[in-house]
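Two complexes, one shared chain (chain A), two partners (chain B, chain C).
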Partner chain A sequence: MDAVLVQAIINGLLLGGVYAAYSAGFSLIFGVMGVVNLAHGELIMLGAFTSYWLFQFFNLDPYFSAPFAMVFLFSFGYLVQRFILNRVMGLPHIMSYILTFGLHLMVANIAIKIWTHDFRSITTSYSGANAAILGLNIPYARLITFVVALFVTWGLWFFLMKTETGRAIRATAQDKEVARLMGVDIRNIYAITFGLGAAITGLSGAVISPFVIISPEMGLEYTIIAFCVVVLGGMGYIPGALVGGLTLGVAQSLAATYLNAGVSVAITFIILFMMLVIRPTGILGKGNIA
Partner chain B sequence: MMFRNFKLVLAAMFVISLIAGSAIAEQPKPWKIGVAVSLTGVFGKDGSLVKDAYTLWEETVNSRGGINGIPVSVTFYDDKSDPATTAKLTEQLIVSDKVDLLLGGFGSSQLFAASPVAEKYQYPLISGGASSNKLFERGFKYYFSTLGKATEEVRGCVDIFTAVDPKPKTAAIVGADILFTSLACEGFKKYCEKNGIEVVHYELFPMALQDYNSLLMKVKNKNPDILLVGSHLLVAMKTIKAMKEIDFSPKAVAFSYGPTVPKFVEDLKGDAEYVIAASEWTPNMPYEGKMFGKASEFNQLYQKRFNRNPDYVEAAAAGGAVAQQMVLEELGLKPPLTKEDRVKIMEALHKDKFQTFYGKIEFGPDGANEAHPPVAVQIQSGKLENVFPLEFAEAKILYPFKPWKQR
Partner chain C sequence: MTEPLLDIKQIDVSFFDVRVLHQIDLKVYPSEIVTVIGPNGAGKSTLLGAIVGFQVPTEGSITFKGQNITGIAPEKTVQLGMTIVPEGARVFTDMTVMDNLKMGSYIKSSRALRSETLEMVFSFFPRLHERMKQKGGTLSGGERQMLAIGRALMSRPSLLLLDEPSLGLAPLLVTKVFETIVQIAATGLTVLLVEQNVHFSLEISQRAYVLENGRMVKDGPSHEIMDNDYIRKSYLAL
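The block that comes next holds the complex of A and B.
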């Protein structure tokens, strides 16, 4: 096969891994609570900034800062759901859109006040390191992110299927009234779910921090991609984030290679539009469209 | 007892205020100069640099007895990076605050909105932070810029390659598809053609592009000698990250804007080495003028006041303020200015040649500074070194750039 094509597909898969890593949390939160979290990108931003500051002040490697980002984002997510989003859970969806959009503006603007508009970057000794195998280029940091994406998807699936809390989350997602009758504290389950979604999103923010540019305003573009990825893979279907991410990554990479970079951005929205019209349940048809 | 004391205090305060009032009344009315500039929003950072430059100018002028013996007072309004607000605030400065003169803020879209207002009320408007060619193509008489046009600003970044051996034969040009950066790409192309460098790839991409790897991989496959990028800071940083990840090592890489911002070197560290960037001014240039003395002395003043070196945009802004000041001194004007005075100022700005710390300023008929040679700087050992024009260069260009894997 043509080396350019193989390289384009590899680039696409690695890019897709990045997309999948930061979209899984979005899918979880939608699947359980029906909340389209418009502040999703801000969770990534906070995860990336956690890494940035730990790197700046303690010279901590971005990969070692990932657990801190998870703990911080879990607490943040838990509190946001418990004290803010839980207030609108029974109300029409539009209320949660408005609330999370407000959250997006609030978090981004507070971050600007504290951290200014500056663009930041983490440069470690191994930044940009890459392997050249058979003339093909594979950047290590992206490969690690790809593995993290697989692990997050599997871990989340394991957690939902095999643990008591996971069962309670699934029960709440399926029928919250019955779950309540069975003794599930659904307000707490909601908070745990949002916390969990935020934690894995924070984790992804930390693992992508070595190769992205970090700024308080970075969030929105990530929210948009996460939305596309999740629609592509099926809203609320956790492995769908992986399927959607990889599909979008490869599509964009091929478009950038054989057409041009402008088309590679446009294709995201063309795919989003077509999926919503033709197959709103996602590529695998397992998404939740209620 | 308490009550009597209170009355006494009141009386004393009244007397003091009378004295103070008369003292103020005897002071000459200062020059009122208005600036609408972005202090928050996307251009908040850049705009605050421009504000620092004008503040330093104001303080320096006042410490030296003002302009024609009259102190200067600069008013800043924040346009929140919104061009419509810039226009509104400019009108407010002219109509309700009745300022004597204006100075320009930051950003082509901001100045594009402010300049028609200035033109309408016949206020000269000099900016040091906007260079899109469109600004100069409207036949305005009152708009001036101490920067060159965007397409001309990048000339140094291409001309420098005539001085290296062996000369690069091919170039790839990529850039963000917004006004300033796309013009920079046009400039790159124009000067590549002039210098006989073949452009093997030319592509503009949307600002929203997240994946630079695929785009640059395509460029890498065409194996150009040099890479020229129409950029802002964010684009420049993303490009360097991606180039290293995909192991793309052309003989040189040059950016239209970004690397001169200190954050670029601070955060990218060693990866920023060898990077070339367009500039209009560096403190080592042999320029000298009346107000700030030598370029290096302006730099020292900046160090003392703000504890950092100025960016070239700040020098350009202060240079514009100095040019306007020189006209006021030449014409011997005093505030408040009349409309006729401002017409005279506009004519003098077009006619005069200004010798300043920022270099020669000569405004062409379209208001762009025509006397200013474009500069190229290169990051060498973490410092911005002036490498072009050759007669002012403080270091020799390092070429070719060391491949990523050998660093």
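The block that comes next holds the complex of A and C.
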């Protein structure tokens, strides 16, 4: 096979693994609460800034700041659901769209006030370093991020399948009335679910911080990608985030290599549009579109 | 006589402006099987909903184990020792049989007894043991009803509420479900059974209530209800 093609696919997979990690939380929140979180990208932005400031002040490596981003974003997500979104659960979905859109504007604008419009980046000792294997270039940072991303997506899946709370989350997603009959405090489960979704999203923001531009306005782009990934993989179906993320990553990378970078962005929207029209339940058909 | 386990006094229940239950009185004593019969739309499910806490009565009171539980939410009433097998079973279709049963013992007090209760449930329903790893949604109607009963037992209730457990089952399975209810009651559980299958439910219960249009029109020992002319004509088609 031609080395350019292999390199493009590898780049796509590395990108797609990260897409998967930050979209899994979006999918989880939608699957359990039916909330399309329009402030999703802001969770990534907050995760990235957590990592940025820990690096600035304590010279902490971005990968070690990931747990801090997780704890911070879990608390943030838990409180947002508990005190804001829980008020509109059970009302028409448009209410939660309006609230999360408002949250998107608020968080982004407060961040601009505090941190200004500046673009920032983190330069580590391994920034720009590549592993050269068989003539292919693999940036170290992206490789580590890819591995962390896959591990986190798997971890979320494991949590949902194997723990008491995970089971209660699944039960609530399927039939909230019956879940209550089993003794589940669904409002608390909603808050934990949003917290978990925010935590892995914030973690993703921290682990991409070594190689992305960090700014208060970065969020929207990520919300759009997460939406696209989740539509590809199936709304609310967690392993679908992996399928959708890798598919989109590879598609974008191939487009950027063989066409041009501009087309690679357009590809996202073309795929999103086609999926919504042709197969709204996702590639695997396991999405929940109710 | 001893104190009733469940004591409903003069409750009214409405959906928005429409009153669905009117001045309902009902008592269930420990170790009894009590049945509530009535036609479609009489308000049977609404009555069970009010007991577990989905609907809040506008008037009257509900007492369970001597404690006033009127208006207490379902996630709390289950902790006090009552569970319901909802109308249509409503198993978690995307979860395995095992996960469904584990959900049944989500509350802390029953979680500690989980493995022991599982054994009891599997002894009632060996079929569930065979289907342990299957998704709830792949079970037959009869198996789903067994799973819903098993799931309810997993919380170790003292009062079991059943909403039309024979609904939509083949005659042979109906017999099996009623036999199982008798066996479960024999272990010391108290049962409140809502049914449209009047014949069987009067047969296995000690006392019965007749609910029509949201009002209790008759109550008494099941054998007397069974011999009542009105009941024979309108419910048993004799």
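As a convention for this text, the second predicted complex is superposed on the first by the 290 of 290 C-alpha atoms of A that agree within 3 Å, B and C clash if a C-alpha of one lies under 4 Å from a C-alpha of the other, contacts with A are read in each partner's own complex, and residues count from 1 in each chain.
Heads up, the rule we're going with is that a residue touches a chain if its C-beta (ideal position, glycine included) is under 8 Å from a C-beta of that chain, and two chains touch if they have at least 3 such contacts.
Since the structure is predicted, the reported quantities are computational estimates derived from the model, not experimental observations.
In the superposed model, B is the one of chain B and chain C that contacts more residues of chain A. Once the two complexes are overlaid on the shared chain, A:178 sits against chain C while remaining clear of chain B.
Looking at the shared chain after the overlay, A:167 reaches chain C, while chain B stays out of its contact range. Shared-chain residue A:264: touches chain B; no touch with chain C. Touch criterion not met for A:280: it reaches neither chain B nor chain C. By the touch criterion stated above, A:34 is placed in contact with neither chain B nor chain C. When the shared chain is aligned, chain B comes close enough to touch A:139, but chain C does not.
Comparing the two complexes, no residue of chain A contacts chain B in one case and chain C in the other. Only residues 164, 167-168, 170-171, 174-175, 177-186 of chain A touch chain C when the two sit together in their complex. Residue ranges of chain A in contact with chain B, taken from their complex: 4, 7-8, 11-12, 14-15, 116-123, 127-128, 130, 132, 137, 139, 141-142, 211-213, 215, 217, 221, 225, 249, 252-253, 256-257, 260-262, 264-265.
Considering their complex, residues 52, 54, 73-75, 78-79, 83-84, 86, 90, 92-95, 99, 102-104, 106-107, 111, 151, 155 of chain C touch chain A.
Across the complex, chain A is touched by residues 42, 44-45, 177, 203-206, 208-211, 213-215, 217-218, 221, 233-234, 237-238, 241, 244-247, 263, 267-271, 404 of chain B.
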